[in-house]
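Right after this note come the structures.
Shared between the two complexes below is chain A, which has chain B as its partner in the first and chain C in the second.
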Partner chain A sequence: MVTSVIDVADIYFSYGKVEAVRGISFSMARGEILGFLGPNGAGKSTTIKMLTGQLSPRSGSVSILGKNLVRDDPEIQGRIGVCFEEKNLYVNMSARENLRFFAGLFGIRNFNPDLLLKRVSLIDRADDRVSSYSKGMRQRLMVARSIVNDPEVLFLDEPTEGLDPVSSKSIRELILEQARKGTAVLLTTHDMWEADELSDRVVFLCEGRIHAMDTPDELKMKYGHRTVRVKLRDGETVRREIISLDSPDAGEKLKQIVENEGLMTIHTEEASLEDIFIKITGRGL
Partner chain B sequence: MSFNRVLLLMGKDLRACPRSPVILWLLVMPLVITFFLQVVFATLFESEPVLGINSPSRSVILSNLSSLEGLEVISAEETELLEMLDNGDVDAGLFLSDSFEDSVRSDGRPVLRYFSSAKGSPANSAVLLLLVMDELRTLENRQNLFSVAVIAPDRGDELPLSERMVPSMILVVMIVSGIFTPAFMLVEETEKGTLLAVLATPVALGEVLLSKALVGFCLAMPITLFTLVLNGVTGFDLTALLVCFAVGTAVCNCIGLIYGTLARNSKSLYTMVKSLNIILAAPVMFYLFPGWPCWVAKLFPTYWFMDPVYRVTMHNATLPDVLGDLSVAVVTAILLALAAASLGRRMQNRLAGM
Partner chain C sequence: MKRKLNLFRVFLIVKKDLREFSRDRLWMILSPLSLLMFVGLLRLLPENPVDIISVGVFPSSYSVFAGDSDFSGAEIIGFESRDALSVAVLEGDELLFGVALAESGSSVELFLSSSVTPAQNRAAASAVRELCYVIQAMQSGENPTDGLPVRIPEFREMFSGTGRVSLKDKLKPMLFVIILLVESLALAGLISVEIEHRTASALLVTSATTRDLLLAKILTGVLLAVTQVFLFLAFTGIFSSGWLPLVVTALLGAWMASSVGMISGAAGRDFMGTLFLGMVFVVPLIIPAFALLFSGSPGGLLKLIPSYGLVMSVSDVIGKGSGLADVAPYLFQLLIWNSILALIGLFVLKRKVEAL
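For the complex of A and B:
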């Protein structure tokens, strides 16, 4: 039996008259990575704030690790990790001091920050002040800080936004490694490719509502078009053709093409998450 | 509430102190205040009489006047002394010819050239003239008709202005260290977003507020005491003073927390400090102008620790003498702490984007 670590039931939140989250429900299992996808103002950050106890839902309930979430609950907060979108590090302290300080707040004794700093490739700059770090280094430190307590649930708000490919890759590896250890990871991102790569399931959030929630493959199967793109030599000319795999005669057509001596290239194509998002919500990211 | 976490938060803030301009100002402040008090209120308004003398080097009058206490004597050339009189660098100038003293001794009745400076103190000039007359009688070998002693005018119970400045000096130190330190630290954390990160751990908002208040307390106490000692205010009941400081600093810390929770950024904090501190500093005026009705001063929260400090340092009051006022200050501190906690909750909502 799969035990849920997060159970969200019909939560609602508004900033004055602006409804940010309008009755969303989902659950997460241990070791699962759930990608929260949506444009700006979709309600992703508000949802994370409610799940981390910074905001209380106006209605509905949130259960984390089997416990009803109330604001400022030190027991729950000791078992979760949060990586904010904002780079809120102590810039006048070194990376080592930052990690040691936060480990202290979690009540961890004999904490060795070097292991974590090695994992995020910051060990060589461990004693330098964070103010001298690049954007990518700061982000890696932010992620390292969020796992200082080896959390059971990890919330990552846009962890790779605006980073170079190398920094993004190292953060993605860290997220996967953490999930393999059994941590449930809730990830918000604009990057559909990243969500596809990392997430076991994705949630399409738009205007405070969940429009779809499934594995990326299922969503593609359900909403996407599978096609095969071919290039054929036909005498002096080159002919391009797109065959839909969902059409009834797809098998026959493919057989003819493969047997055609003029076949130059053949590619399968599947719909991207972005295409599906636009199709489902009617708007882009 | 975990005391370990409060200590951790305090340690982090105290380690950051040497890099903070506010804390650096705190360290310099006692010296600046002392300089201000000593220069403006001790020298300008209560300066010693200064007499310039142009005389032969072996002059007995010059030698005798130079040996007197409470008087500054400057020996100068004639033109130089005239210039000093013009500029007001001396209160009076005495010009003695080579034969002047011999002439006085032989009853020759020479002319005395004594000038008062238009820019000097008339009172000092009068005192100096009497001292010169006294010396001439001695030189003449006659019995003195009078003896000169400088006596301060009777002010009754009223203290000199420099001493009446002590409460305002203490308030300045407490405002900067006790109020501004926790307020500034809190606003800095909200502006940089680090407070959100701290609150995402098991740390409660109350622990953060307490740690900021305690950092302000730890800095304000020694700095205030140091400022007092630096200004020569000693001989008081130390226990009573420490209790007064502790209560006063606690009141200031709570006010600082209220400032810190209300201010949205450092700019609004500076505006708040500039406008609201006038109200907090209002009781000072009642010490500078003792004739004003005292009951008005009691309407201000700062009065209830300022007055005990004033009485302990200036009138040698003991702890039992000031316990009543301090009790009111303690109640004020508790009420302010409750207000700060409530405003802290609003600040937390604001930070979360509400």
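For the complex of A and C:
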């Protein structure tokens, strides 16, 4: 019985002398969204390429849906979906033609692209050539293409990079919807807020290595500081104070502040994933 | 595990390639335009070029140039003076050569235009020499043809094949090859765009395999080239020279064009680089066809050019009416070259696609 849909064991890859991925291991369950976070050159895209059969690891193994992944395996590749970082669409074809073509390659007969096009709000431009599309429209079509075969595992490489808030939101909703249907989603992103919002677990990847892997909440609990920021009027002056919720006398301090008549504002603060990333890896995104 | 080809996926990729081709303005202008130009060129060229050479003579009143003398194939134009003839030949562009006899008939001058070929030069000198014999005979009151071993009406002109090969027929193999190679550039363009835009990566994460993709590219190239060359053969009426050997030659030629397209498409860094590389292939491949325009046998090195078999096959079918069996050695040579080029093309393209 397959317990996890992706099993990666100690994979390595190098471009010549440059080691891009150095011993990565993890697994993913059905319906899980795993956020891969890391700066440029961290090895995120190389990892996705190894997991989708575009590159073969120099060592280690990749198992997708219980089967060892090798290049050109139509059975496995028919059950995965990939959204590339590059907008590699056929620009002289329409959105409808693009989706029909890819559905055909997956062996899907009588495919109706309109349902997908409605989901990504491109139905009104379905017959226009992709060359006339905006960046956001192309990205939405990329995501639609990646789920044309209703994949069990979905790889999304920076799916919302450079998009306006409306386009980003619609793509995030689509990702959540897909995960609710049981698709395992591996998502790479620079956007810590997005990763926090979408991911069940996040992986901090830096210089080809995994530095941390856990749920966003656990990482915050483990590495972050919960604080309360308050502003108090003290006679003619305004005093600002930061109280750590992890300190032993936090309760007593908070009680005193709440009872203080000069209390102006009070805010809770938790560590962001970005703060934790910097703390763990020693560098920003 | 052996990955099997899936012909339905191959068909889908070919269909997609043809759709992309039909929407590419550059090739949609270039392909029909080249076809139109070459068909037009062949239509405009006269079927049998006029071989009459214009010859200036002085004095035109001289009996040898007048009357019933046999100057077939030459247009005799008389001049008032030796100097006028000299100026007309040496400074004009109408006359190939001029013959000036001294009033006494004791000497003859031959003026040659700079556009005279060595063969025409030798022919003119021989003609003048013959003219001298005729004058000598006439001055002695004898019949110039007396004493000849054969009678002039017994001359027989015999050519290999169906007759003299006109310049128009000599041009046909060259246009045939150029049309094929234009389509090889079109395929190279399609491949380079697929690589540059990384759409090949998107194909290979579907159920389509590298083999499906490679076969589809070969077929796209063959389809584009063979369609163009069939249209060319049909519009120019060349098919009537021998449809079976021409169809087989066209198919093999299209295969060669496809292989060359794959090599240049995969080897180029971008679209312009691909076009440049394509030209590097195209120019040497036209050389055997170009060489046909000149008289004489092709040199040894020429026979080593991959398109030699293609050119000679087309040339023999058109010029000599050769059948499939006659051109089989040329087609076999083409087949060997095609296999080599296709292997190189597949290897280069496979490496390029896998490295994306």
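By our rule, the second predicted complex is superposed on the first by the 283 of 285 C-alpha atoms of A that agree within 3 Å, B and C clash if a C-alpha of one lies under 4 Å from a C-alpha of the other, contacts with A are read in each partner's own complex, and residues count from 1 in each chain.
Everything that follows uses one rule, which is that a residue touches a chain if its C-beta (ideal position, glycine included) is under 8 Å from a C-beta of that chain, and two chains touch if they have at least 3 such contacts.
Quantities reported herein were computed from a predicted structural model and do not represent experimental measurements.
Overlay on chain A: chain B and chain C clash in the combined arrangement. After overlaying the two complexes on the shared chain, residue contacts for A:162 are found with neither chain B nor chain C. Contact with chain B, but none with chain C, is seen for A:46 once the two complexes are overlaid on the shared chain. When both complexes are overlaid on chain A, the residue A:15 reaches chain B alone and has no touch with chain C.
In the superposed pair of complexes, A:251 makes contact with neither chain B nor chain C.
Judged by the touch definition given at the top, the superposed model places A:70 against chain C, while chain B stays out of reach. In the three-chain model built by superposing on chain A, chain B overlaps with chain C at stretch 8-16, while the rest of 8-16, 98-106 or 134-142 show no clash.
Applying the stated touch rule to the two superposed structures, the overlap between the chain B and chain C interfaces on chain A comprises residues 52, 54, 72, 74-75, 77-78, 80, 82, 84, 86, 88-93, 101-102, 104-107, 145, 149.
In the complex of the two chains, the chain C residues touching chain A come out as 1, 3, 6, 8-9, 12-13, 16, 19-20, 23-24, 197-199, 201-211, 354, 356. If you check the complex, the residues on chain A that touch chain B are 15, 45-46, 49, 52, 54-55, 72, 74-75, 77-78, 80, 82, 84, 86-93, 101-102, 104-107, 145, 149. Remark: chain A residues 52-54, 70-75, 77-78, 80, 82, 84, 86, 88-93, 97, 101-102, 104-107, 129, 145, 149 touch chain C in the complex. Those residues of chain B that touch chain A in the complex are listed here as 2, 4-5, 8-9, 12, 16, 19, 192-194, 196-205, 348-349, 351-354.
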